[in-house]
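What follows is a set of structures for review.
Next come two complexes, and both contain chain A; in the first it sits with chain B, in the second with chain C.
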Partner chain A sequence: MQRPSPQAVIAASLFAFALIAASVASFAETPQPVAYSHRIHVTDNKIDCRFCHSSANKSASARIPPVEKCMSCHRVIATDRPEIKKIAQYWREKKPIYWNRVTELPDYVYFPHMRMVNAGVPCLTCHPGMDRADGAVQKREFTMGWCMDCHKKRGVSIDCWTCHI
Partner chain B sequence: MKHKWAMAIDMDRCTGCGACVVACVAENNTPTAGEEEAGKGRLMQWLRVSRFWKKEGEETRAIFVPTPCMHCEKAPCEIVCPVYATYHDEDDHLNAMVYNRCIGTRYCANNCPYSVRVFNWWPAKWEKPLDEQLNPDLSVRSRGVMEKCTYCIQRIRRGKETAIKEGRKIRDGEVMPACAQTCPPGAIIFGDLLDPESEISRTVKDTRLFKLMEHLGTEPSTVYLKKQKGPGR
Partner chain C sequence: MKRRDFLKLGGATAFAALFGGCDNLPKKLVPFVIPPENYTLGESLWYASVCRQCPAGCGIVVRVSEGRAKKIEGNPLHPVNSGKLCARGQAGLQALYHPERLGRPLKLSGPRGSGKFTETSWEDALSILMTGLKKIRAEAPGSLLMLAEPMRGHRNLVVHRFLRAFGAPAPVAWDPFGHDALLAANEDVFGIRDIPEYDIANARYLLSFSGDFLETWLSPVHYGRAYGRMRQERPTVRGKFVHFGPRLSMTAANADVFLPIAPGTEGFAALGIAHVMVREKLTPSPAASSLWTAGLRQMTPETVGEKTGLRPSDIEAVAREFAGNQPGLAIAGDGAAGCTNGTFHFSAAALLNVLAGNLGKPGGLSFPDRRSAFPRAGADASTLAPLPESGFASVRNTLEKMRGGAFQVALLSGETNPAFTLPAGLKFPESLLSVPLVVSFSSFLDETSSLSDLVLPVPTYLEEWGDDIAPAGHSGDAVGLLQPVIEPFRDARPMPDILIAAAKELGGPVAAALPWKNFRECLEQGYTGMGVNLENARREGGIFSRKGSLSRTAKRAGNPPLPKAIEASYEGDAARYPLVLHVYPSIALSDGRGANLSWLQEMPDPISTAVWRNWVEVHPKTAESLGIADGDGVVVTSPFGSMEAFAVLHPAVAKGTAAMPLGQGHTRYGRNAAGRGGNPFSLLPVKDTAGAKSHARQSTRVSIAKARIKGKLVRTVNVEGQWKYENIL
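The block that comes next holds the complex of A and B.
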């Protein structure tokens, strides 16, 4: 076999570096309209994920809480902070907060949160480090092999139609 | 939890209204092909109502045959797929189709004696606000894949999920595909054959029962009921 030319090696390594850089960049925090911190709420104040993401055990989507839910606490808690004032502004204007989406699966995957939550899979299994993140960050790449590994380990169905319908 | 889902279509009750076709299109995010494409044999429907004319003495009558996927136990489509995009679902005894695995050889459609598999020829456009009516429980397929009736698998899954959550078995009539739900004369009966008490189990004992192209030995799960007249009956 002929050895690859040095240019090809450099090009390939540059490409590999670009791939790694891209994958690292994809784990960066997405900017949000309000600097919400998961760490303060989950780790410091011990609020359960499902208090805000209230339909995680009921529907396919875990749901983003409405402004009302934020205000139910923040009418009295930390009202002088600038970020809370922003939320109060949304509340007064009766406008929703347009959060930027962090985790999204392709359309050919039907992933219902309820099925996982009701089976007793902790939220942090798929969203590791979310309890300590300032903001929202996706640390896990949701590839099919990774899903399959977990399904095999737990003895759950790996039938194609479990997720692809 | 094992099931054997089956469907019985009562042709003595069917009026050929086409409500089942509309319900199927709405439930399963099926794009509409249009008249011109349908004329070329590119009709995008998982369920079609075939019409036949029958002469009875002086009178000519129409016979309507609603034809969804037969979900054959020995399906001719499965054995020819080169990428195993269509396979037999062991839990539900359904003829499964995985869209994101399909490479569009259309071999399965050529081998299907009932011609119920359809090919998605064009990228579907869901212009606003039409995209709001798409069913979120189901993928919106792109072009280049084979499509077919799934007995509304998303509804079956939802029924199973609810049953598991409440720690019971699926009740008869709890899971129903869109066509059976909408049929005005109730000509489509759907249920689990492994449940001896279910309506479908009673229906398949009916003497009017027959299967389409029974001689091929595909053992379809969709069966038909029609009162036969004439000699030998």
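The block that comes next holds the complex of A and C.
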């Protein structure tokens, strides 16, 4: 058998390094244009996740709230805070907020939020720690094995085509 | 390359893809500022509405997702198209999202007709319009002119009421492919001036005289569907279709038998068939004996054969088959309507229907009462469902008056684009420029709207409220309803809304004639007054009662006169202009309104397979005598103008004929329409169809000469090449 060439070894190790770096990075908090805190909204003020992510039970996507939704409360609440002023500025200019994406699944995975939510899976099962995070974090790596475990435990479909379409 | 090197290279690519890919992922999440009503991310909504890409009035459903219209399909509940849609209908999305669509009012900033405009505010634009209207309101209300495409439904009602209350003449409508000849012929033969319902689906034998009913004529999706059912729906019968015409159209190509005839002889072919049917007593019609006059006796297969170029034996065979396969249906279409003797062609085809005993029977034709949908509309019913006329005669009169200074203010509306579709001899641009104030309601700058002082942007049909009564394809009781499928994203205002607002400001009888807050309220009052549950109706896309046929009886069906045989006449001296020009509406661009949509431009013509350019079809023998080869650049010249095109040699075009699609040749219709060759409308004479007063398109001769032209004709497939024997064997 031939030994792998030095180039191939370097390429492989760089590849592994890049993967590790990417997954570690995703566990850190991503900076956002507005320093939104899940902790203040969910833990301190007991707002249900689905108040803002309002299509989680209706559609594949949970939905990021429109600026209008933020303003429906912050027209009167905490209007003097710098971060709220920022949102008010977006609203005045009628500009959308360009949030940085935190969680992403590959294209070949079909993940419908409404299936899970309507089956009674709490949001925090897959997004642990979100209720206490200042910002948005991804604490759990969405690996296939992890999904399968849960599907098996709950006795729901583990057919390939359930998720890979 | 060695396998190892290849793998190494592969590794490098994967590596690059990993990092490059990371950067290219859509990293931003951009929510709406204010989401549209009813909106759930990732979920589509389907809204029912009506297609307005041509006058057929098909029903559509539009898929809307994330507040954007994504796809248009046919509305399965709509009787006209039962769920199907043509390419032009599909391209409606491109009109909606067109980058050249007007989003702000435009004010002239150079000399009139220069096409130089600057954007202005709605307040400013409307004040110009109102100043103009108020100025003539007191002294000369009759000098207000509205020129539009033929409108239907409450839109037409608003316009009519506005003008009547203002004291202005009724709106002048122009449709280059109106159905005047068909209407006139039906009046002659059946005593009813209306469009019949042709029950193609149940016919056993269909004769067409240049009736391109699968492409553009009257209601192509409806008839296309009916044709499919005629061929395949019945277990034991496969209807037969015979097409006569000077050119192999797509419809002709779908026929069992295509019999090429000389241009302008469709009516003679029909009379030849009638002759054989009466002579051989093949007809059940009691009218037969009284029809056996000298006029019909003359039309022997031999005489007709000489005129049309048909073999007498073919005429006899078709006549016997037609008579032996009841119900048989005969139709004539656009290709025949444009001849100077167009009415004769239609009358002759109608006569065949009488001889076949077809009136009011399944597989035949009937005359539904289209106004019965509006039992309580009274005098307004005729403005809700007007006859599909071309309006050529009134346009001509109007232009004459215009040049005489009769009009102070002209309002232009609609898709017809008269500056492009009227023959140059009518001097439309010059006449319009003599009107002191011209205001266009338009979504795009085209040849016509660029001639105005002020262009008011209007929404496309996908963002409007409205209603529509299709001219064919239902038993007279179907009303389509339009609704906006997305929130407007341009600063456009619907034309009826502008008129209603203007009426308010004018006050007095004009305000009283249009008492609504806006057009939507006008519609809603109209239909709730008829006891319609509008919410349900909008969900279905309209009001389709499916009561079955509401046929009127024809006054004269039993005993029609023999149509008077008239020869087609052509302008131009045969020695100088050796070819007869046969123009036809393009299946993709119709009268030219689709030319700014790239989907339609790149849709290959079904026969020539050409894209993006203009061409002229000639018979290879004719081309040989002119020294022209396939793909050559040519200049086509008529006594009235000349234009550039590419030659397409085609064995199924009548000899001595030059056939050309209409629709290309725009000078001011955006970048997709620019530089596509000449405009065949510019070659046409100002001439009437006898007895119908529509524009006789097929009435000039042309000459063709080789010329240097920029670019070349691109064809997606070389059909003729595939037909060569060496390619088949």
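We take it that the second predicted complex is superposed on the first by the 140 of 165 C-alpha atoms of A that agree within 3 Å, B and C clash if a C-alpha of one lies under 4 Å from a C-alpha of the other, contacts with A are read in each partner's own complex, and residues count from 1 in each chain.
The criterion applied here is as follows: a contact is a pair of C-beta atoms (placed from the backbone, for glycine too) under 8 Å apart; a residue touches a chain by one contact, two chains touch by 3 or more.
All figures in this text were calculated on a predicted structure; none of them were measured in a lab.
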| item | value |
| --- | --- |
| Partner chain(s) touched by A:157 [first = chain B, second = chain C, both, neither] | first |
| Contacts of A:60 with chain B and chain C, given as first, second, both or neither | both |
| Most chain A residues touched (candidates chain B, chain C) | C |
| First (chain B), second (chain C), both or neither touched by A:101 | second |
| Partner chain(s) touched by A:68 [first = chain B, second = chain C, both, neither] | second |
| Contacts of A:34 with chain B and chain C, given as first, second, both or neither | neither |
| Partner chain(s) touched by A:47 [first = chain B, second = chain C, both, neither] | neither |
| Touching partner for A:115 - first (chain B), second (chain C), both, neither | first |
| Contacts of A:88 with chain B and chain C, given as first, second, both or neither | neither |
| Footprint overlap on chain A, where chain B in one structure and chain C in the other make contact | 60 |
| In the complex with chain A, residue positions of chain C that touch it | 4, 8, 11-12, 14-15, 18-19, 22, 25-35, 40-43 |
| Partner chain C, residues of chain A touching it in the complex | 5, 7-8, 11, 14-15, 18, 22, 55, 58-61, 63-68, 90-91, 94-101, 104 |
| Contact footprint of chain A on chain B as seen in their complex | 87, 89-91, 94, 96, 98-101, 136-140, 150, 153-154, 157, 161, 164-165 |
| Chain A residues touching chain B - in the complex, by the definition given at the top | 60, 107-110, 112, 114-115, 118, 157, 159-161, 164-165 |
